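Shared chain: chain A. Partners: chain B in the first complex, chain C in the second.
What follows is the complex of A and B.
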């Protein structure tokens, strides 16, 4: 099965919010905390279950301390947060909305005993949150069951883009 | 290498909102071992609208699959036949409605998720699942909620004419 590419992220921290409070309050408070800290999240999944809300998101490793500091002044929110440093994202594209692509990707990671901390689709790609130290091994394993198009190789983010402006998007001060 | 970007809009631009109704949400709790057998499920040509997974307290992954009901049922039957007993019954929510949209550099800009939640107001409480990955945003709502949510988002974001 052919794919067009694999992308490997820089080192990130996986932040998990889980709690029983109304999703409205928890999610808004958490997203507000990130926005106030000017912290970007290249990956975020939110799921509401009968037992409560869980939000998994990745932030730059350099943002972890700042986020923990900001959260510490809001004990109700801070109690719902946990941090897993040393995480990275492996992105495969395109997924073609195919369950077979999903199955192959997950199976090859499981066969190689590479734990998956999270997964999300976007319009064209499937992104897995993995241990940062496993990203190269994961990319190699994925290439045993997917064929990259000619002259393509897994590429690693060589630079990060950060917003220099301190103005909130959409005009919020 | 560091790249400094300045990208700010008084009204955040999107490329338009897509709404898909009459979908089903399947939630499965899978252990890592079960993922190894997933390829036996033979998903054929089934397509998903959205997929995500989060690690639960026991270390396994809960998979959330949003797809059209016929494909979802077919997939569920295959999962049941291959992973019977160990996979457990899925939690099914049907029908559900999906809104998805994307915008310039959403994945590189802080505050997009916050802006989206503020635009939705109390409808954030209706969300069954939400994904903010790369430049795209996917929001899953119960039946009957998507139109109102789209109107609120369209009032907050700038939509192409």
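What follows is the complex of A and C.
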């Protein structure tokens, strides 16, 4: 089966928010924390379950300490957060809601005993959160059951875009 | 001779490629896709699109390098190149800025995050 490509992220930290507080309040507080810290989230899934809200998102490894520090001033929120460092994203594209792509990906990761911490589909891609150290092995395994375009090689993110403080016309930061 | 209805969309973010492609196709354009500069250059040589919508920051070959190659090649210099500049005003300290983009001979610029209506306006303006 042919796919267009594979993309491998830089090292990330998986942040899990889970709690029974009203979901909208918890999510708003968490998103506020990310926004205040200008922290990018290349991966995010949300689920509302009988046990409460669960949000899994990835942030740059370098953002983990800052996020933990910001969270610590809000004990109610901080108690709902857990951090798993050493995570990376493997993105396979295109996806286009193909169940066959989803099934094959899960099967090949399972056959190679590669744990999956999170999985999300989007308009153009299927992305799974894996242990960072497993990304190369996962990419190699995926290529045993998917054929890449001739001129495409799995690529690693070579740069990150950070969010600087916006400049206002009057020179105010 | 270029394919007058074909627009090549190049970005290493597959979701962006897909969403821009869907918008262009809904407006009646033919779309080709590439996910890095090397792949894009191959597509340009094979298909000679009328326009390339090109991200700046990509692996293997960045948008500036590819734009220069297009504009310095007599066979391809007439292809309209629109640069996607995610960092135009969001990251003022980076070297990837609007002004630096101007030096690459790109025909126009599309700021990220993309406003699809603005995108179509810029695309149509540059095809007239």
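Everything below uses one rule, namely that the second predicted complex is superposed on the first by the 164 of 173 C-alpha atoms of A that agree within 3 Å, B and C clash if a C-alpha of one lies under 4 Å from a C-alpha of the other, contacts with A are read in each partner's own complex, and residues count from 1 in each chain.
Heads up, the rule we're going with is that a contact is a pair of C-beta atoms (placed from the backbone, for glycine too) under 8 Å apart; a residue touches a chain by one contact, two chains touch by 3 or more.
Note that the structure is a prediction, hence the values are computed from the model and not measured.
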Chain B versus chain C as contact partner of A:5, first or second or both or neither: second
Contacts of A:119 with chain B and chain C, given as first, second, both or neither: first
Which superposed partner A:64 touches (first chain B, second chain C, both, neither): neither
Touching partner for A:22 - first (chain B), second (chain C), both, neither: first
Contact breadth on chain A, by residue count: chain C or chain B: B
First (chain B), second (chain C), both or neither touched by A:43: first
Which superposed partner A:94 touches (first chain B, second chain C, both, neither): second
Those residues of chain A which chain B touches in one complex and chain C touches in the other: 91, 122-123, 125, 158-159, 161-164, 167
List of chain A residues in touch with chain C within their complex: 4-5, 7, 91, 93-94, 122-125, 149, 151-153, 155-159, 161-164, 166-167
Sites on chain C touched by chain A in the complex: 12, 14-19, 22, 33, 35-36, 38-39, 42, 57, 59-60, 86-87, 89-93
Footprint of chain B on chain A - complex, ascending: 22-24, 27-28, 31-32, 34-35, 37-50, 54, 56-57, 91, 96-100, 102-104, 106-107, 109-111, 115-123, 125-127, 158-165, 167-172
Contact set on chain B toward chain A in their complex: 1-12, 27, 32-33, 35-39, 41, 43-55, 61-65, 75, 91, 100, 102, 105, 107-118, 122, 124-125, 127-136, 138, 156
